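Below are structures written as structure tokens.
The two complexes that follow have chain A in common; it is paired with chain B in the first and with chain C in the second.
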Partner chain A sequence: MTATPIDTGFKGSAARNAAARARLLRGLLPALSLALVLMAIAWLNPRAISYFGFNLMLNLAIPIALATIAQMFVIAGNELDLSIGTFVGFVGCVTATWLKDAPLVGIAILLGSIGVYALLGALIHLRNLPSIVVTLGMSFVWQGLAILVLPKPGGKAPDWLLTIMSLKPPFIPFPIIAALLIGLVVHFGLMRTSYGAILRGSGGNPAALRRAGWSLLKTKVVLFALTGLFGVLSGMALIGITTSADANIGNGYTLLAIAGVILGGGEFVGGRVSPIGAVLGALTLALAASPLLTFMHIPPDWQVAANGAILIIVLAARVLISRKER
Partner chain B sequence: MTSVKSLLAKPWIWSFVGALLVWLATIGFTGGYGAGGMVTAALSLAVFTVIVGVGQMFVITLGPGNVDLSLPANIGLASAVAMKVMGGSDSMIIVGLLAAIACGAAIGAVNYLLIWALRIPPIIATLSASFIIQSVDISYGRGLQIKPPPGFADFANWQILGIPVLAMLTVLFTIGAAIALQRMIYGRSVLAIGQNIRAAWLAGVNVGRIRFLTYTLSGALGGIDGALLAGYFRGANVDIGNEYLLASIAVVVIGGTSVAGGKANVPGVWGAALFLVLLLTMLNTFGVSAGVRLLLTGLIIVGVITAAGGEKALR
Partner chain C sequence: MPQAIADIIRLDGAEKHFGAVRALGGVDFHVGPGECVGLVGHNGAGKSTLMHMVSGTLVPDSGTIGVHGNAEANYSVSRAQQLGIRCVFQELSLCPNLSVAENTRINHASLTGFGWRRKAAELITAKLDEIFPDHGISAWDIVGDLSIGRRQMVEVARAFTVTQDRLDLVILDEPTSSLDAHTSGQLLAFVRRFVGSGKSCILISHVLGEVLRNADRVVVMRDGKVVAADAASAFDRDRLVTAMGGAEGHHRSEAETAKAEAGPLRVRARPARQEDGKELMARAGEIIGLAGLAGHGQTDLLLAIFAAASRARTGMEVTAPVALVAGDRQSDGIFPQWSIAQNIGIRSLARLRNGLLISPQREAALAGFWQKKIGIRTPDMNHNIFSLSGGNQQKALFARALGSDAEIVLMDDPMRGVDIGTKLEVYDLVREEARKGRTFLWYTTETEELDNCDHVYVFKNGRIVANLGRDELTEEKIIQSSFGDAA
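After this line comes the complex of A and B, so read on.
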């Protein structure tokens, strides 16, 4: 293990160039996957590549992208959140009921739930708990709360939220603008600021960070709170599109969000994540999940399998590229 | 006195204490009514959690990051395969069971193939596998509500003196699993890999083969669990395994197995499974709504794990 850096130091410039090219290819993989899916759609149904086509196809891409970003923050700290799906559902139920009928109470509940996320981060760090188990337990808590808030599907999204989500800007469809904005804002915050580097460092080399005097408790709390924040945004965006809620509305998002992060070039350990990649991964999944399959006349039964297959294909491609990198 | 003390020092005793407390609280609420029936029902239901829990325990013991998330999908598919192969006829019961085990073992083997060939964390490998299995199950079992053969359904529900036969067999199986874990080369290798994969490799343990066997074993146990569930509930369906994702991981952790790997505990799986089942029975007896039941289940699991603490994170 320790010999690797010495090896690369003696590599010839040709080998170094090849490694750099492989790294570049690896970085472009999320964009390539998206381009491939888009090309397939364009080939199968050219009419889909239009302003209205994108508006329809990417309808649900914004909440998926936000949930993926949420998951990305915990993954940056070497943790995993298996409750993000039911959390999005819970936020959806609150949005369609309290946030419309009593906005102040609704805001307080949503802020409180972000606080719960922050507390979970502290708990996981202080008691050294496996995040998988804690968040798996929390997924039941959020689902239970969602059912208590909204026992039957229904409710109604606040008008201002409906207005935002049905914006029709000229030339570029709203989902694309929103996705770009989300990707760029998070990219700047996490990749270009000094505290962003510290947050990623807490996943990359926690021991070094601690010795340098940074609080790992604080980084974990911040990462979990950010996950909660983007989970809240995802739930609100979802309800802005669907207009009403259901306690199970977000259940599929847990797996979609993890898949999106990995598709976007994120790694499970080591704080190696990419916000723009994660958004591209989410868009790829949103497009591949139903529009592509519908155009290919694949029955909805196989949509989940398609997500799994895409994940496996991209990971296989990454392994092939990584081999070149060495 | 020393024996009591050494008993209290065992990590698994607490899950049984918890199960006992929950049971006492419930019969306290009903005034003693249905105390025996509750134990019978708890034993019958705990069996299914114990079987997958043992599989999950071996996987988790392999060390940080090892976990099988494909169990629910696996259980769903195996239940459909078993019922389809049995086709409602008693003569095909054994063949159907073998088919379910083979189906589960194949899923486990594919899981390890993905982990090994793509060098991806087991979490994402078993997750992507479960996506695909789920779809296979949905399209294979579409509109299919095949009843189990009467003989198999009776066997799965068979009781002697109020004790489910399936529970007795599962006790024998867990004793076998405990022996395999503590006294056999396979189990010792699993523990060694979980403690230090590099040291185990240097000591001559065939790490790849043991990991392959463990994932295949977990898959096969998921398969047999699916078949038994379909027999017990008299029919297979896609969602039959859904609750076993949380349950299988929770019983392992509550039962005193270390999530950091290298330390496993078989009796604790039984105690924790009984605890979870009795907890649900208690909440149902108290007549709480579905929302409150989910909420409390989640809170209690988080609470128990917090109290049990952890030495090292799972990943």
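After this line comes the complex of A and C, so read on.
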């Protein structure tokens, strides 16, 4: 990398190779950090690395991965969703009450909430509002609605959801299969389809997109609607695991989801996101959140702080690599 | 040839105002099939505004647009696309986070469905091969990883790709600004082939030789109007420069008496991209102008000098404290929540201190002194800075710099959008302060302001290309050097 370029053509390609290498490194970072956390767990408690162990440890990884993907869509459009946590909680409450007792009403409510997300996208675009402000406001709305739906913890997940979430496929634990599936489906949709390129382009250079005749209103609405959709999936998956709901059940997901996206190689602005990275980031966070710390015999009182420390370390490593890229 | 009836585009009496500023004042412009029209003019002459209208991104306040002989009432970008008019904008309009193929897809709504990535890749690769043989760009490269020159190659090639819409006219706005001589030559040769096949081009360039050699017809704009339009063969460099700059003599501000002996050296700086030995030198008591087209490295040099004042840099020598008067006062100059007095005092906090705290009395005294001296029109210096008009805000920024201990004052085109009365007051103040021994480095885009300078460095592509003394300073000379063809 330090070789002195001889002529400009060579310099161009050398610089490009260096950039490609740095990008590869950054792309591998989510996988590396996951491997690191797994190795630490294996070293601390070898028995955890088993079918049963993974099922247990990654139990909550699916809803976190879905919430992370949801957050990734808004971040792809240079926005941020601070309401995803309480939204997941709201969806959870609806799932544990209406969706079980009156499925049609429940489905209508959930579809309607996706529509609300789409409208938020339109509002943010048309009025040129900061998404942080709008979604922060919405987080209180979702929280309030969740308490209205389910004033006290309780309710029960629909049976079909419980069945899905407690699947025990042979050899490979269900959470791993689910995570793979989520990552691949979203990767195809966002990174491979022709409209996915437009969606990412809207984060990369919106002015260029508008000049080429694309509607930025539409891209924003689509991105927010996708966030709503994956938020709904996350809330349902969460209730499928916990079996009953609580209005505050998803509150921690907002920051987990943002951290997951960034850990997975995404950037806050510029439309640079990676679905597979985001899923890996979510898995890393889910593992680092409690299994690792429990195995390290860190008392529960300190786990939240330790979790933050792990986040800072991993994100700092990312910044170092990005800086090298420049 | 019946060109007049089948013009690809024709604008009649196009006018455009941005607030009180007239960007275009009744322009007639047309492009026929199979011709390359060169468009030249100084910064702010209205070229970009005109091209935004041709490509549909701006709608004229009055006047008509006709395409292929039909009047277009609701002309827009997508309409222009359908009618075969494309534009390569000066600022790059690629998405840096996408690959070359994906960026091609953005301009072609029809590239969709199964296998679109392969189709897009083949499309752009074929066009790149055609225009820039041995370009060394892969369709899967992420645009952000490419050098600026390669990005421009992609952008140009993309404009010439065709899927379902027709293609008749491509606007090239400074297409060679980031290309080296070799690739520029490839591009211009391709433009000639393109025009030869019956299509049309509009070529905007600050390299006059490029325009004269490649355009069939040249249109010269000045102050939002077309001032000359003729066959390219009827122009030569000098005629173009005269048409662009205006031949009216301008009045020198009253000649100042010869400068006293050259003072001690204050600044010696070489721009980062300077390859020959030219350097900027400024002595005590001098007003040095930085001229040339906007964005050709003047601001960069000022910022480098500013940085060199606090930390030594190679190729820079700065021997006295420095203050900077920002050009973009809203983003770089003003503290919006603060009072006028606080805004003035921020550069002089060390002197305003009383123990650990800022002394309000000293701050008020400093502000009061400069309010009188520079004439900031406000009832109370403790009002918020935004209570002032734009010109008075700029005065406050001058007061911040002049009220400080700085012996070197860097001015980054500070008089943008300031009324003439304020300007004249500030000019007087600058000259007065220079007589007292302060050094001014003054980047300006307004040629008249250079009359206040002792000598002027002209910049092009981040380099100093000329050093004009006070007596050899004319607008024509400056234009001549800033449009110089020397690579």
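By definition in this document, the second predicted complex is superposed on the first by the 305 of 326 C-alpha atoms of A that agree within 3 Å, B and C clash if a C-alpha of one lies under 4 Å from a C-alpha of the other, contacts with A are read in each partner's own complex, and residues count from 1 in each chain.
The criterion applied here is as follows: a residue touches a chain if its C-beta (ideal position, glycine included) is under 8 Å from a C-beta of that chain, and two chains touch if they have at least 3 such contacts.
From a predicted model like this one, the values you see are computed outputs, not experimental measurements.
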Which superposed partner A:Pro103 touches (first chain B, second chain C, both, neither): neither
Touched partner set for A:Arg23, first chain B, second chain C, both or neither: second
Which superposed partner A:Ile262 touches (first chain B, second chain C, both, neither): first
First, second, both or neither for A:Gly115, with chain B first and chain C second: neither
Chain B versus chain C as contact partner of A:Pro46, first or second or both or neither: neither
Partner, of chain C and chain B, that touches more residues belonging to chain A: B
Partner chain in contact with A:Gly270 - chain B first, chain C second, else both or neither: second
First (chain B), second (chain C), both or neither touched by A:Pro299: first
Where chain A meets both chain C and chain B, residue numbers: none
Chain A - residues contacting chain B, complex: 78-80, 123-124, 127-134, 136-148, 151, 255, 258-259, 262, 268-269, 299, 301-309, 311-312, 315-316, 319
Complex contacts: residues of chain C adjacent to chain A: 57, 77-78, 81, 87, 89, 93-98, 102-103, 105-107, 109, 111-113, 116-117, 136, 141-142, 144-147, 149-150, 180
Residue ranges of chain A in contact with chain C within the complex: 8-9, 12-13, 15-16, 19-20, 23, 192, 194-195, 197-198, 200-201, 203-205, 207-214, 270-272
Sites on chain B touched by chain A in the complex: 65, 67, 114, 117-121, 123-124, 127-132, 134-136, 138-139, 142, 245-246, 249-250, 253, 259, 289-299, 301-302, 305-306, 309-315
